[in-house]
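Input: structures, listed below.
Shared between the two complexes below is chain A, which pairs with chain B and chain C, respectively.
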Partner chain A sequence: MVSQQIVNGLMLGSIYMLVAVAFTLAIGVLNFLNFSIPGLFMVGGMAAYGGVKLGLHWSLAFAGALALAALISLAVERLAYRPMQGGDPEAPLVSSLGFLVLLENLMLIRYGSDQQAFPPLLADMNLRIGDLVIGMAQLASLALSIALVVWLSWFLSATNSGRRIRTVAESGETAVLLGVNMSSLAPRLFVGSAMLAATAGILFAVNYQQVSPFMGEGVGFKGVAAMIVGGMGSIWGAVLGGLLIGMIEVLSISVIGANVVNITVYGLLLLILILRPQGLIGRPPSREKL
Partner chain B sequence: MSATEGAAFIELENVYVERAGVRVLDNVSLTLRAGDRLAVVGANGAGKTTLLRTITGLQKATSGTVRAFGRVRRTQEDFREVRIRAAYLFQDADDQLFCPTVLEDVAFGPLNMGLNEQAALEKANATLAFLGMEHLGERITRRLSGGEKRLVCLAGVLAMEPDVLLLDEPTNSLDAKHVEKLMTVLSSLDKSMIIVSHDRPILDRLATRAVRMKDCRLEPAVLHRHPHVHEHLHVHVGEDHA
Partner chain C sequence: MSGYLTGVLVTLSFNIIAAYAVYLPIAAGQLNLGIAGFMAIGAYAAAFLTNEMSWPIWAAVLVSAGLAGSVGLMIGLPVLRTHGIYLAMATFALGQVISAVFLNLEVVGGAAGYPVAAYAPPNIVFAAAAGVVGFMLLLSTTRFALYLTAVKSDPTVADLLGVSVRGIQAAAFTLGAMVAGFGGALYAHHYSFIEAQHFNVMLSVFPVLYVLFGGTQTVLGPLVGALFFTLAPEWLRASAEWRYALFALFIILFMAARPQGLVTMSLFRLFGRRKPQVTT
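Up next, the complex of A and B:
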């Protein structure tokens, strides 16, 4: 049923959307393609799994996972981003990639490489509209993802902190000359970005009921693709790109089959970028900033 | 004489800067004291803007010492205070204006200095009033003329109450009316300045001493004032001619 696939696509897309927005915050403001984000997505899911497995209430397990992701993001900022400022622009990219590998391998040592089953939280609660079945976990996840993005957009446009972030996005040099304290802003951006990625990881775990140390890689690629297709540096571009990729993926599995899903998804993305290199809502020639 | 008059605000000692292996400042030493208005002249590419960027820490010195307001400055954290006390007026006003309205733009610096919103807005209003621009407060920044934008930028940096103004081609692409307004304001300010400009009449009006950048090195220059007698050819059009 197409309507069911659309719901499923929106759900998956909302996870890609959060990861894409996390990447957008990093690259749109700090000009830093932070490859630890897929790792933080994985930490969200795996740490929540670990907490639940230890017998913690799910709310405590989720809070612990978010706190762990925040701490790791501060370490990434301090060790991978800050020391590389003023040097080769590719250096922090490589060092953040190092964090991804490190996080994956730490989880591998702790939990092994197999998929782990995440316990269902709202297993029997479904919303039925005709033949359409929407799981409450799905619905809650979708609502939370959209609420987070709407809140972030409001925060950036209506608060003084948001104005500082947008100023840095326009020009980091101008921002510091006007008194913006980058030493305090950059860690906050890293934490914000990590919260989005880890939340996406938790939502993924809750909805698909499986986690693994490498769960971040595929989603990370899709998140980067969503950011580029939507328009680099634009939050709403990341939202559009994420939802689009989720829909294409689910519909192509349904219509063509799971074996060719990546060919379909990335083929269509390639076509979009050929026709519109600046992304769907990016602005040529300079990219949109938040 | 005030307590701070004559104190060195900014001192560069044997500063070298290299970018991508190319030397862009070569053994530059400079002192800016309270009350100084230092003109920096020189050809395009001589290193004038790099000098201002080095003072504010946007450009890291390869070697040598940058001392500002009594302390040696090395890290970005060190330069945070320098950027507030030595405010940089950009060459292109559009680079400095981000907020929807003039008032918000002028209040942005004070907010970043830790003032609360109310205090920052009061500071911004007072600065605009000082410049005779309070009527522009609610205007959309992007819709101002080039001259108005430059004055709003100046209001933005003055609202941070700096000790030093770093002026990078302040009269660039301004019409005569706005040049005059800007010069009147700058002349009236009791602040030290470093003025990078090709506009000799402006330097004559503002500067108390001068240096010249040549081939990335700083050398002394002489300011001298003497009266000129000119013949002027005027073209009158419209009502002027009637």
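Up next, the complex of A and C:
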């Protein structure tokens, strides 16, 4: 069933897409490879699970998870991004990875290391088109992801804040000279990218009905791959990359087997990096010397 | 020596070797996030040589280190066309692809793992780690170390001054891959069992943490970082389930206070020999 696999691939891809956009906001604008994003993805899923388990209505649980991720991301900005300005470009990597380890272990202490079953929200409503089975939850997530990305793209191109963000992405120094207030812009970007990551985590939990403290690692790293395949710093590149990676993953599992996923996905990433480092629809890097 | 202490020291030795494998490229300004892939090459090649070809351990380890180095050179040349974050991601992808290839290689057990018959006792491991540290200290006194610093600090100026930037970067990358392969080969023979799942992202990323935490400015940084990352969780063992959380929190706060790492040049100046004051 190739068409069923394509539907599944699109679904997985839409989650990678949100994570890739979250990464792209951090790296394209602030030049910060934020490894806490897989952690925030996990917090989205796990905190939503925790809220639902406490008996909260799902909307409250989701809002709580998003708020928690936003708060954590503010701490990441404060402790991992801000002190590192002007230092080694690799240094923030350590502390953002520190956050990933910290978040995973806090969730581990609270909920244990096993996979937890996430309760289904929409009682098995499936759309059947011929042989094709599409879950309503899948459809809703896909629509939500696409709406979010379209909105974000409009926001960046048409609003004042969006223009500021694009200026910073072009050149941080020039932006500061032109009067962009970096110390208020950076936290907002962190909150925005945390919300995207946590939304992806919640969607993952709803669709695959399972959460675990380590759910962020695999998805997070594929999100990075998706971002680069599409083109770093480009929203639509992240969309294309996310869908492509999701599709390749699902198709290579069904055609060849689960053990080759890393070869096909990361092989594609490696190939893209060697042949076309700017990604499929990214602009060539202008800032780098040599 | 008690079994526990030996175990910790063996882990420490492997971590030190891994840290120096990451340190070499970083000293030339390249972040290698795929070190686990080169460890896997070393581990599987050495295990194959002793298991199927009945080579002695020392020869297998050396040849496998060389093999990991040559794979590093071959793949490094195209990969090193990229810079900065692109390079880091390329090495990351490379590490993932290499361990996934071993996962599918039935000749060395595939997903079931690969038992290794020959055994390298702890003393050999200690000696190997000491050897790597000694080699690095030696290397740090040569012109090569100066070239590395020059390429890292300002590639354009280094290029203008006649340093072959591509050559130095490729050399640092290859040497790093060799050290990683060496560590992997020993790992296979000490623990007598390897599986592809062991050589995952976190195995690549943690040595990078040791190096950045210890500091990249001096050759002692990786040693101090590996010491700290291996021993601190052991001390925190008393607070069993909280130890990694506490440890991570400490790292975050530490890096916020001291982004350049623990051991820096200025630290040496502070405690080192003072230059005699010129008085008139």
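Just so it is clear, the second predicted complex is superposed on the first by the 280 of 290 C-alpha atoms of A that agree within 3 Å, B and C clash if a C-alpha of one lies under 4 Å from a C-alpha of the other, contacts with A are read in each partner's own complex, and residues count from 1 in each chain.
In this section, a residue touches a chain if its C-beta (ideal position, glycine included) is under 8 Å from a C-beta of that chain, and two chains touch if they have at least 3 such contacts.
Since this is a predicted model, take the numbers as computed values, not measurements.
Novice: Looking at the overlay, what does A:Leu97 touch: chain B (first), chain C (second), both, or neither?
Specialist: second
Novice: Which partner chains sit in contact with A:Ala143 here, chain B, chain C, both or neither? Use first/second/both/neither.
Specialist: neither
Novice: For A:Leu273, using the defined touch cut-off, is the partner it touches chain B, chain C, both, or neither? Pick first, second, both or neither.
Specialist: A:Leu273 contacts chain C only, not chain B.
Novice: For A:Phe221, decide between first (touching chain B), second (touching chain C), both and neither.
Specialist: Second partner only, chain C.
Novice: State whether chain B or chain C is in contact with more residues of chain A in the superposed arrangement.
Specialist: C
Novice: So in the superposed three-chain picture, is A:Leu106 touching just chain B, just chain C, both, or none of them (first/second/both/neither)?
Specialist: In the superposed model, A:Leu106 contacts chain C only, not chain B.
Novice: Determine where on chain A the residues touched by chain B overlap those touched by chain C, and list them.
Specialist: Common interface on chain A, chain B vs chain C: nothing in common.
Novice: Write out the stretch or stretches of chain C touching chain A in their complex.
Specialist: Listed in rising order, the residues of chain C that touch chain A are 26, 31, 78-79, 81-86, 88-90, 92-94, 96-97, 99-101, 103-104, 110-111, 155-156, 159, 165, 201-202, 205, 208-209, 212-213, 216, 241-242, 244-245, 247-249, 251-253, 255-257, 259-261.
Novice: Would you tell me which residues of chain B are touching chain A in their complex?
Specialist: Within the complex, chain B touches chain A at residues 56, 58, 60, 76-77, 79-80, 83-84, 87-88, 90, 95-96, 98-99, 104, 108-109, 111-113, 117, 156, 160.
Novice: Which stretch or stretches of chain A touch chain B in the complex?
Specialist: 85-86, 160, 163-164, 166-167, 170-171, 173-174, 176-183
Novice: For the complex, give me every residue of chain A touching chain C.
Specialist: The touching residues are 27, 31, 33, 79-80, 83-84, 87-91, 93-95, 97-99, 101-102, 105-106, 108-109, 217, 221, 224-225, 228, 232, 259-263, 265-267, 269-270, 273-274, 277, 285, 288-290.
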